[in-house]
Amino acid sequence: MKWLQRHVRPEQVRELSLLLLLVVAVVFFGSLIDGYYTSRTFNRIASSVIIIMVAAVGQTLVVLTRNIDLSVGSLIGCAAYVTGHELGLHPGMHPLVAVLIAMALGAAAGVINGALVTLGRVPSIIVTLGTLAIYRGILVDYSGAKTITTDTLPAWLLNLPQATLATIGNLDLREMVVLALAIVALFQFATTRMNFGRLFYAIGSNPDAAHLVGLPTRRIVFAAFVLSGALAGLAGFMTLARFGTITVDNGRGVELQVVAAVVVGGVNIFGGSGTVVGAMLGAVMIGTLEQSLFRLQINEFWRDALMGLLILLAVASDAVILSRMRALWARTELKLIAKPAPAPASGGAQR
Amino acid sequence: AQEIKPGQAENMVLLPKFLGIAVFDQAHKGAEEAAAELKNPTKLQFLGPTPENSVAGQIEIVTNATTQGVNAIMISNNAGDQIGPAVKAAHDKGITVVSWDSPIPSSEGEDVFVAQVDFKETGKVMADMALKILGDAGGKFAVLSASPDAANQNAWIAAMKDALKDAKYSKLDLVETVYGNDQSELSYNQAVALVDKHPDLKLIMAPTTVGIAAAAKAMQDEKLCDKVKVSGLGLPAEMVAYTMNGCAPAFALWSFVDLGYLSYYTAYALATHAIKPEEGAKFHAGRMGDYTITKDPTRAKGLRILMGPFSVYDKSNVEAAAK
Amino acid sequence: MTGPTDPIFELRNIAKRFGATQALEDVSIALHAGEVHALLGENGAGKSTLIKIMTGIHRPDRGQIRLAGRDIVIGSAAEAQRHGIAAIYQEPLLFPDLNVAENIFISHQDRGLLTGWGQMFRRADSILAALGVELDVRSPARGLTLAAQQSVEIAKAISLNVRVLIMDEPTASLSAHEVAQLFKLVRDLRDRGVAILFVSHRLEEVFEIADKVTVFRDGRLISTRPRAEATPQRAIADMVGREMGLLQPRPGAKRGERILAVRGLGRGGVFQGVEFDIHRGEVLGFAGLVGAGRTDVGLALFGIEPATEGSIAVDGEEVSLRSPRQAMARGIAYLSEDRRQLGLSLPMSIAANITLPVLARYLNRLGLIRAEMERATAETYRKRLAIRASSVEVLVAKLSGGNQQKVMLSKWLNTHPRLLILDEPTRGIDVGAKAEVHAMIRELAEEGIAILLISSDLPEVLAMSDRVLVMREGRQVAILDRDSADQETVMTAAMGQEAAAHAPAEAPA
Amino acid sequence: MRLLARLRGWEGLLLVLLVAIVAMNVTRSPYYLGVENIVNLFQLEIEKIIVALTMTLLIINGEIDLSVASIMGLAACVMAWLFRHGAPMPWALLGGLAAGGAAGAFNGFWVAYVGLPSLAVTLAGLIGYRGVARILVEDRSYGGYPAWFDAIGQQPQLGPVTVSIAVFAVLFAIVAVILHDSGFGRIVYVMGNNLQAARYSGVRIKPAKLSLFVASGLNAALAGLLYAARLGSVRGDLAQGFELDIITIVLLGGVSIFGGSGNLVGVGLSILVILNLRNGMGLADITGNTQTSVIGALLILSVLIPNIAQTVRSNWKGRET
């Protein structure tokens, strides 16, 4: 126990507990749905959550710094639309260029968000609530409210969702899924093992202190928004590949799903704690619930009600578990022990 | 039929369900064409709300138009009867109100509804396409609709269910209706979920242009085009690829350009008092020919003008239509 | 090592204004390598402001800053760090979600790309060991006691190889033992040639460690004297502008009837076996090393963290105190040790803070606040405790630490308590204010209020208390009478050596 | 009078903005100054601004309620369902209100007594309550209420003023007094800027939080029912997506999203600014996304410009001395 407490952080236990909840959910649905344990279920959930997952990684970075990015839904829509539009004009474009267009567009929007937050000192919720509307408005004007249709898109793009890297047994490891997982791994590494990444935690944990000890607060918050934008752009590209038909309305409301994934994944909405892997698990949790509820033979109209309840339960059980863990950790550790050995009475006697 | 006198200044508003889907742009195009033909010196206003704010937005636009004292409002109603009070206020002020694409269910405050096709016929056309695709052996099929609130879609589905009672369709088994809210993402997920829930599903019928395209893409991504076909109401430009590769062998639609064109003619005729909004009134609508106002058989009170006809698209004609 | 050399760090003719407040006016100070320079002044004299100018957090309105003979401009905290200037601020500034080790090293500029956790833990361990504290460097800083936080702050400053180290009241939440440890360290640093600026309100400490003493009053420099020429009396006179006595022992009070009887009190694993009585007009001191569990006893009595074992009887009637309201209904008030986090609503006015616990008294039948009455009450306390503010409508955030402390004391006095628990009531307040608080304690005790005084300032506890309860590691180890309590016995009991022999835990009467 | 004393800084800016917008509207549109248009200007957004009042209390308290629009829908659907199933209209209305209160209490329970972040709880509520509303009415549209009910929402009852507007005016006054002059209002602020200090001062924070959420739920239900009266019929998607507009109104009013600061004068001005701007744009035939974009930009600029001005001013001062 002692060893465990020294080497495992409460947050990691929380992630384990989320994993456990996930298993419980899967077993639960498995018992209700015939043929649930098939590769199809896996593929379905995997390819449906990656969009939310990639955006949630970016959102995690922003939320860690005690900010929020509500503009991701609009960014996903913009990136999907613009990339689709460009691909329609230049069908011969290299796939990598298309991805870069999407990410650059998102990053550019992230630069605007980040500049307004850091240089303009406008609270992020206000900035991104505003840009949520503005980016969408620009898209509608830019596009003339036209729709991107699959017939204008190159075949490689439309086939991307099924493109499989490897097959393990019945499970397809699809390229886009692998890409999303690689991004999660990359950012998990960066935020736990790189000094640059640790600053996200420091700043969210105590912004005043971060400023006073001279951490590059602005640069880090700025970076968080740019990365969130770029990843939303990538999510937009994935949306384009997956749905093919892109209206100017695409991605609307996705920001709430992304925030839900982050919150369910145990990232503290007030900054400073939570992990990228947690956010991934949150996205998977929500994706699993959503996809499974689709398949459950229940009334169409019940799904949202159940979804709301399940999110609440996920958050509640997670919070209860975490506070229990923290209490357990705190009780045995938070003691400052004065060493009795050196200079026993000098402290008092000198006066 | 009454000839309409061009060149009169009528301030007219074309109000779609919301901005951002292709069909309404086509309707706008048609209305502009009519406006040019009728030499209306006042520019046509094309105003619409955002999708998530559709109900409140349509009400706001109607109310503001009323305040401004426009002469005619052409609305594709997405607010059910909730638009009623606002439209009634407009009508009471002497503004011509023409609904198109989707009517006002109670018909209150509305002069006439320009129906794209007969809603009963829509049901029959969908049933026929299903039969044609599934063949005599029949099989299970499901409906992927827009929102549970959409008046026109609901009417079509009801009409299709009616049509299915005929013995001819006895082998067709409608298992479920699901809703994708005219969002590609949700429609896509719904389509995928349908095949999971019903492993022996043969056909998804989507009476919405967004839904049918999303369903076709989903089946293609799932490599299920051989097993599960997609049909419904779709735009040729969006569907051509799926029709050619066999995912969506047949689908139907009317021309939204024509619908916009006819709506404009109707509203202009009413606003200039060339005709009265009553049963039996006849007028000449430019290139589309003569039309008569009749009772709307699908609603208790309202009047309608029936545009028709349907075009059913398949491999033979879709490429030409897509241009 | 104190040489007559040129100063390493020098501020000349500095002025700084905040709105209507002239925080600093024409102040000059010079720090020399290998010298501990103490800075004294009443609350609000401008000490912290000067420090923030030294570390680049505030820009001076006027004046020059020179480092090693060259004029410099310090634009940010990071720049100050690059110049080798580090500070420990008055209020600890930790990152609660980061672990202790990371808190120590996070602001280092040269950390490279990857986080070497193992190495970081080892270095943090060794720095803390040198400081004489044992703290799990892997545990998050959240929930650390103020003293532990302070230790981490000190470790943080030490970990940077600084030329100039500024300490703004580093000992405020430390008890004698930790202070001794800290001073050993400060002397080490001094001997290594670091220039140290040391701010404290505890005069004994200042005269123990300082080589030079500078006094501020109202934003102006009053005097700078070498240790040899400075005396506590002179320093006080400089600070307050008049002569003032040192800490006077309070004459013993006659006990009134018993108000509170506590038996076998404990809370799961945090503290246990606390037993004492307290009577009207009595001051019961709580002594112990930091983390000994004194605050936890206070929290249990106030119902914030209810006790899980033992009994509490008020006026002979056993009560269950499960919320602050229940405690307040029994006439118990608790002044918390952390005024910023737990005590005050900083963006609100002095008046609003003072009336908060008994707001109901200031409401009319409709539940609206009777503003006049509220202001009148606040005004009384502003006068009585000499709170420095132009009016009671001033926001508490604008006050200096000491004045904030007085607002908090007013707030609790206004509940008219029968038992007042004071947790570090003089932490961070100047001699003048401290003397006022002490006078207040005397006065209150005379009025018949029972006072439970938790303090890490041992001379204070000894001077003020009728009896002293000593705690160690969550246990009560002794209750000493006024006559038998002196620094040595208390410290011995608190540190656990010969405790039993010296002062057997007497059974409460 | 005390409210007026708070007119400074942010509120001053909003006032300037308001005057500019009104001036522009007057010159740009001949229809703007009509009584009918002024009534419409309020009426078209009336439900949002009613809900914004309790949202102000919640945000100052350091919480947020994302589920308000869903509660509006829920209350209307409960009312519609009860009425359709034979309940007399007054009972159906009470049922709708009760549903709103219950939803608010449910939110409040999790936030106040379990300690979950309100953002997460009410995000779940946003999805869940809408779901319950949909279970009740499915894909139908329920209309046909008594004429007096429709009249409440659709016709001016008090001179040129509708019941909804009167309700808003009364609620505004009540909330202003509660927030700025009552003991409860004081506690709302204290909890918003330092919850621990409130707890250590013996403030009963749990019941206080719970009651705020219940008030928010009840008020949203009231607004939902008024909206139902205005529309004359109820569907499952009633008021969908209103939450962002409501929060925008409150934030533009200068209420800090982190709690503890802001006041109702600011929110009142923000309401006038947004309503007049929307109305002016509507009359200028600017709709849909462009309208929301402009308001989004306004939201950002309203914080950005004072910040820039402040920076410039302090730089200026620095040079002077």
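A, B, C and D label the chains in the order they appear, each numbered from 1.
Following the convention adopted for this analysis, a contact is a pair of C-beta atoms (placed from the backbone, for glycine too) under 8 Å apart; a residue touches a chain by one contact, two chains touch by 3 or more.
If you're wondering where the values come from, they're calculated on a predicted model, not measured in any experiment.
J.: Does A-C or A-B have the larger number of C-beta pairs in contact?
T.: When the contacts at A-C and A-B are counted, A-C has more.
J.: Roughly how far is chain A from chain B, going centre to centre by Cα mean, in whole Å?
T.: For chain A versus chain B, the centre distance works out to 38 Å.
J.: In whole angstrom, what separates the CA-based centres of chain B and chain C?
T.: Each chain's C-alpha centroid was found; their separation is 74 Å.
J.: Provide the C-alpha centroid distance between chain C and chain D, rounded to the nearest whole angstrom.
T.: 44
J.: Show the residues in chain C shared as contacts by 2 or more other chains, in ascending order.
T.: In chain C, nothing touches at least two other chains.
J.: What are the residues of chain D that contact at least two other chains?
T.: Chain D, residues with two or more chain partners: 134, 138, 236, 288-289, 292.
J.: Can you list the chain B residues in contact with two or more other chains?
T.: 18-19, 50, 52, 148, 179
J.: All pairs of touching chains?
T.: By the stated definition, chains touch in these pairs: A-B, A-C, A-D, B-D, C-D.
J.: Okay, in this complex, where on chain C does chain A touch?
T.: Touching chain A: residues 55-57, 76-81, 89, 93-98, 102, 106-107, 111-115, 117, 132-136, 138-140, 142-145, 147-148, 151, 156, 176-181, 184, 204, 208, 269-270, 289-291, 458-459, 473, 487-488, 490-492, 495-497 of chain C.
J.: Which positions of chain B touch chain A when the two form their complex?
T.: 18-22, 24-25, 50-52, 148, 177-179, 183-185, 188-190, 192-193, 196-197, 199, 210, 213-214, 217, 220-223, 235, 237-238, 240-242, 322
J.: Looking at the complex, which residues from chain B come into contact with chain D?
T.: 18-19, 45, 47-50, 52-53, 55-57, 59-61, 63-64, 67-69, 79-82, 84-85, 105-106, 147-149, 154, 179
J.: Enumerate the contact residues on chain D facing chain A in the complex.
T.: 110, 114-117, 119-121, 123-132, 134-135, 138, 236, 244, 247-248, 251, 256-258, 288-290, 292-293, 295-300, 303-304, 307-308
J.: Please give the residue numbers of chain A that touch chain C in the complex, ascending.
T.: 6-7, 9, 192-199, 201-202, 204-206, 208-216, 268, 272-273, 326, 329-331, 333-340, 342-351
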